[in-house]
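Several structures are given next for inspection.
Same chain, two partners: chain A is paired with chain B first, then with chain C.
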Partner chain A sequence: MSLTRLIAVARKEVLHIVRDARSLGIVIVMPVTLMLLFGYGVNLDLKGLPIYVYDQEGSQQSQDLLKHFQSSEYFHVAHEVDNYPALTCALDDGSAKMAIVIPWNFSQQLGAGGQVQVQALVDATDDNTANVLMGYAQAVVQGYGSQIQLDWLRRRGIAISTAPVSVETRTWYNENLESSAFIIPGVLALVMSVIGAFLTSLTIAREWERGSMEQLISTPVTAMEIMLGKLAPYFVIGMFDVAVCAFLAIEWFHVPFRGSFATLSLSSALFMIVVLALGFLISVLAKNQFAASQIALLITFLPAFLLSGFLFAIEQMPPVLQWITRILPARYYVSVLKKVFLKGTPTAMLSADLVPLAIFAIVLTLVATRSFHKRLE
Partner chain B sequence: MFARLKQMLIKEFIQTLRDKRTRFILIGPPIIQMLVFGYAATFEIHHVATVVLDQDHSQQSRELISRFTSSPYFDVERQLTDRSQVRDLIDSGDATVAIEIDAGFAQKLEKGETAPVQVIVDATNSNTALIASAYVSQIALDFARQAQQDRMGRIAPALVSQIPSVSLESRPWYNVNLSSRWFFVPGVIGSLTLVLVITLTAFAVVREREIGTLEQIMVTPIRPFEFILGKTLPFFLIGLFDVSLIAVVGTLWFQVPFRGHIAVLALGSVLFLICMLGVGLLISTVSSTQQQAMVTAFFFIMPAITFSGFGFPIATMPVWLQYCTYLSPLRYFLVVLRGTYLKGIGLDILWPQMAAMGVLGFSLLAMAILRFHKAVE
Partner chain C sequence: MPDATNSVVIENLVKRFGSFVAVDRLNLAVRKGEVFGFLGPNGAGKSTTIRMLCGLLKPTSGRAAVAGFDVARDPESVRQNIGYMSQKFSLYNDLKVIENLRLFAGLYSVPAKQLEERIAWALEMANLKGQENLMTRTLPGGWKQRLALGCAVLHRPPIIFLDEPTSGVDPISRRRFWELIQQMATQGVTVFVTTHYMEEAEYCNRLALIFRGKIVALGTPSELKHNSMRGELLLVECEPLGRTLEALQSAPGVIDAAVFGNALHLSVEDAANSAPIVNSFLRERGLTPGKIEKIRPTLEDVFVSLTSESAAEARTQ
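The block that comes next holds the complex of A and B.
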């Protein structure tokens, strides 16, 4: 292997990238776009959701209960209606996510000392939103109910403490339960999948498609030099993008960073090697650019998005799928990212993630080299 | 004109379906993605790894813990003996929830004071943490209500039956079991169609340009309008075929109900496909290589999906971003899909979505045709 030839190949690749203004723009604009997209566009902190109320009674007490809903930051009482069809319609066309119905005999029943039921009709098309909404509504009604009970008892001369049991919840690592802190670190894995596999497989597939790869082979350059030379610029770009993303995450979106930058760089470098090898492999196996792009999408971007724990918790998937995630490099990288950003786990404790990543990097590089040799023969 | 158009159509179909790999790509990845999405995409939580530190060892504390043990949401995996274990287990990710009951719990309950329960939640995944802590509170509140009643029974047995109480009865409409699959499957149908039709159309035209066959076609008597029609019609049909295929597989496999009218969905799909063809063609007019086309398509696809309400509620986005979502055709199509699948609503409610897609579709297509004319001349 000669360093001069390797550098020559790398220089050629850099020229390719630099000459195509759009590709150059992409390597800088894409990470920023993805960060902003997920940073602003993905927000699972449900607050101020539109609800409708239907107060059949309109008494002092029913209005009191509604005030509890109005003052909650989780709800936005968009409309008060006076019939059922209006509620149904609002839920049907999506202008209300939930409708609260207070029965016509609300205060009367409360006075009589019975159990009163308030109804919440919830648009459960989006099960997650529905679930969270029902939880909040439950809390509001319970709070109101216990206050009523205490007043009632006090009037009868019985003093009793408010709540027999109090729950004190502490959320570690992400104290304010911000979904941005949970999502943004994982975006790094998405960005690298795109840069690494997507862009690389396309560029190299193009050389095959146009036949310029054969021309390259006929020169004294060896296969290894071609591979390294072609991938080196993308490695540099990928690492640059990691830095950009990490900077944005910490400075712009204020995601806490509690681990070490060395660990972040090490794991990112390993993952970059993995995706580059994958991209190279795809380009060798795929016949044309369209096929290459689709395969790259299917085996790098999609797993990074869906099966890595980036957004959906792996523990909640069916066992078969959980097992499959074990053979996906993105899973380990996302796990490292979340630990480095939020938990500040020391590097020594990350071996369960870093070792598999390193193994993937070595194995995939070997496989890619091998299949490249084969295709050349 | 029809004779020429027919020839063009025959050529396109042969060209697209000739390659075994392309044939596979039209069918394989969409189905795989549908299945993976259906299984992986869930914000539901079940069997959260939970540990318990009971330092009271009383009947009451055991009673409270047994409520967690019997809940489907929590898997109480270990009873701890020491507080330091909590930190380790949560740090390593082996436990997501830790419940601590201090010594003196039963005593406080008996005395009528407030007995605290401490809950520690790993909030790295903010969504899991949010829902898990809601479930914890719910279980603790149920326990508290029971304790309150027992206490009342001791203080004033005569009043227990008279005390008023308010409860909330939640009725999740459209998706009674709060299944994530019912939410995601219709969404996946929409997003897969988007990705497939845009990339296919964009690639088809750009490939001809890149290889140089576009000029060859232009010197034949075929008119630009016929060429565009001949180019788009096959993808329109393939797109329609894919929508139906994914819809059938998703619906049957995941048992998602279809409650609306098939004609409404068909109309929505046609309008949506027109939008997608317009976008695909537009991309092809601004790209000269397939790589550029792919990257440009990616830049359209990512925001289009993120802003569509596919997995992340639009209502929680910043307001300026909510306005941007009106530009994503997928946003309207998802309302149509979920409306017809889960809500069973018809055109009387969905007409604004249809109109929006119609306007977007025809303006996109008109823009694409105008630009295309220019590009050819």
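The block that comes next holds the complex of A and C.
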């Protein structure tokens, strides 16, 4: 291995990047864009959902119940209507996610000590949102119900301040239950997949396409030197982008960072090696820039997006998919990221994620090295 | 296998791509310090041979040694001793002239102490002094070729392989390029060059004519012209050319006929005997020949004659 030759290749690669507006854009603009897109655009929080109300009775009691809905941060009572078709219409056109119907005999039934049923019509197009809405609605109505019971008991001289058993919750790690804190750390994995695999997948293929590979391999430079020389600049760029993204996450989006920067750097370096080796391997096998970039997106970006636990919890996936995620390097990196940012888990306790990452890094580097030969066939 | 007199030794070299035989049992020795030309039409196997010699393709069978190193077993040692210019321009267009030179100096591990001197020498040789900061993309074809040569010889290799170095370059640049090649040869460098331009072959010390993967003739340009042709050559001027050519295919004593410019070249056993026969043969068919005279064959005649023989042989087999 000759350092002179390795540096010669690396320097040329830097010049290619600097002079190619497209790669430069991907290097600088893409990480910031993805951060902003996911930081602002993707919000899994369900707050202020619009609901319509049809209060058939309009009594003191029914308005009390409505106040409970209004005071909940999850609901926003958008309209009160006085007929069914208006509710149906609102659900149809999406201006309401849920409609509450309070029956005409609401207070009368309550006074008689009977059971009253309040109707909730839910738009269940998005089953997840629907489930959450029903849960919230149930909670609001139950809260109202238990208050009535307490009042009733108190009026009969039985003094009980609250319900006998209640759950006292404390949320850890993501105290404010903000989905951005859950999403943003994972964006780093997306950014690195693009920088690492997508950009490097072009480098070898480009040399084949332009014919410069033939000249390059006619010199004494070794396959290893070509690989390391080409990947070194992308490694530096990738780590720089990690720093930019981490800075944005912490300073701009106020995502808590409780772990150590050393752990972040170590796991990022490992994941970077994995995606660089993958990109290189794709580039060697594809020998064509278009095919290489498509394959790179397909096998790195998409899994990092869908199956890494970045947005969708792995535990909730079907067993087959869960098993597949085990062979995805991004899964381990996303897991480390979430722990490093939100939990501050010490490095020693991250071995379940770091060891697989390291194994991927070593194996893929070896495979990539073996795949590239200084021959034209 | 150190060899005091030969830079390149090829023995029974074969390259097959599937069922296609690109190079067919080639045997050849190129002497140190000579300009050796590899002449043949496109697809004859020139590039394939040169790529095998540079260790870029693995021979199917047979062997070849360059600078004493086996190209299949020790391609890295071969690469230390050669400079190669591929057929398609393959420097980096988005790098400046000086950056391309620095890159190849680095790839060839030119020592730091000699770096500036070598680069200055290459710029001087390629006549690109003062153009260091031009983007390679913007260079005219002839300049690009000279830069490519400069990059290939920065490390002063004893052997250089040039694959059609002048294709697509204007005639003046071509002439200049050949002067460069001659200059290197006088400094003791062995030059192995392929071309399909017949007139360029005259610049070579020795030539191999290659056709369908086989060497059909080997020698100095004048040896080839004198010894490789069967019989002698007659120039026939007669209009219209097409009808004349058709008629002469079946004329007595004519081995072969081909159009050269606005005349025909006839290859015949004996020029002195054939001239009057051809004359009367044409007149009998209502044609009025102009000049009919014996001429000295050019390399192109040799080539046409040899390739048509070789093609005829292949047909009869």
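The rule is short, and it goes like this: the second predicted complex is superposed on the first by the 367 of 377 C-alpha atoms of A that agree within 3 Å, B and C clash if a C-alpha of one lies under 4 Å from a C-alpha of the other, contacts with A are read in each partner's own complex, and residues count from 1 in each chain.
Operating definition for what follows: contacts are C-beta pairs under 8 Å (C-beta built on N, C-alpha and C of every residue); 3 or more make two chains touch, one makes a residue touch a chain.
All of these numbers come straight from a predicted model, not from anything done at the bench.
Colleague: Return first, second, both or neither, reflecting whether A:L49 touches chain B, chain C, both chains, or no partner chain.
Modeller: first
Colleague: Quick one: classify A:A358 as touching chain B (first), chain C (second), both or neither.
Modeller: Once the two structures are laid over each other on A, A:A358 reaches no partner at all.
Colleague: With the two complexes superposed on chain A, say which partner A:K374 touches: chain B (first), chain C (second), both, or neither.
Modeller: So A:K374 only meets chain C here.
Colleague: Touching A:P220 in the superposition: chain B (first), chain C (second), both, neither?
Modeller: second
Colleague: Which touches a greater number of chain A residues, chain B or chain C?
Modeller: Residues of chain A touched, chain B against chain C: more for B.
Colleague: Of the partners chain B and chain C, which touch A:V132 in the superposed model: first, second, both, neither?
Modeller: first
Colleague: Once the structures are superposed on A, label A:G114 by its partner contacts, choosing first (chain B), second (chain C), both or neither.
Modeller: first
Colleague: Just which bits of chain A does chain B share with chain C as contact spots?
Modeller: 20
Colleague: Which part of chain A faces chain B closely enough to touch in the complex?
Modeller: By the definition above, chain A touches chain B via 20, 22-23, 26, 30, 33-34, 37-38, 40-50, 65, 89, 91-94, 97, 109-132, 134-135, 137-139, 141-142, 144-145, 148-149, 152-153, 156, 158, 160-175, 177-179, 181-182, 194, 198-199, 202-203, 206, 286-291, 293-294, 297-298, 302, 306-307, 309, 311-313, 315-318, 321, 338-339, 342-343, 345, 349.
Colleague: Which residues of chain C touch chain A once you look at their complex with the stated criterion?
Modeller: 51, 54-58, 75-76, 79-80, 82, 84-86, 88-95, 99, 102-109, 148, 151
Colleague: Applying the document's contact rule, which stretches of chain B touch chain A when the two form their complex?
Modeller: For this pair, the touching residues of chain B are 19, 21-22, 25, 29, 32-33, 36-37, 39-49, 64, 90-92, 96, 109, 112-131, 133-134, 136-138, 140-141, 143-144, 147-148, 151-152, 155-156, 159, 161-176, 178-180, 182-183, 195, 199, 203, 207, 289-292, 294-296, 298-299, 302-303, 306-307, 311-313, 315-318, 321, 335, 338-339, 342-343, 345, 349.
Colleague: Which residues of chain A touch chain C once you look at their complex with the stated criterion?
Modeller: For chain A paired with chain C, touching residues are 2, 4-5, 7-9, 11-12, 15-16, 19-20, 210-222, 374-377.
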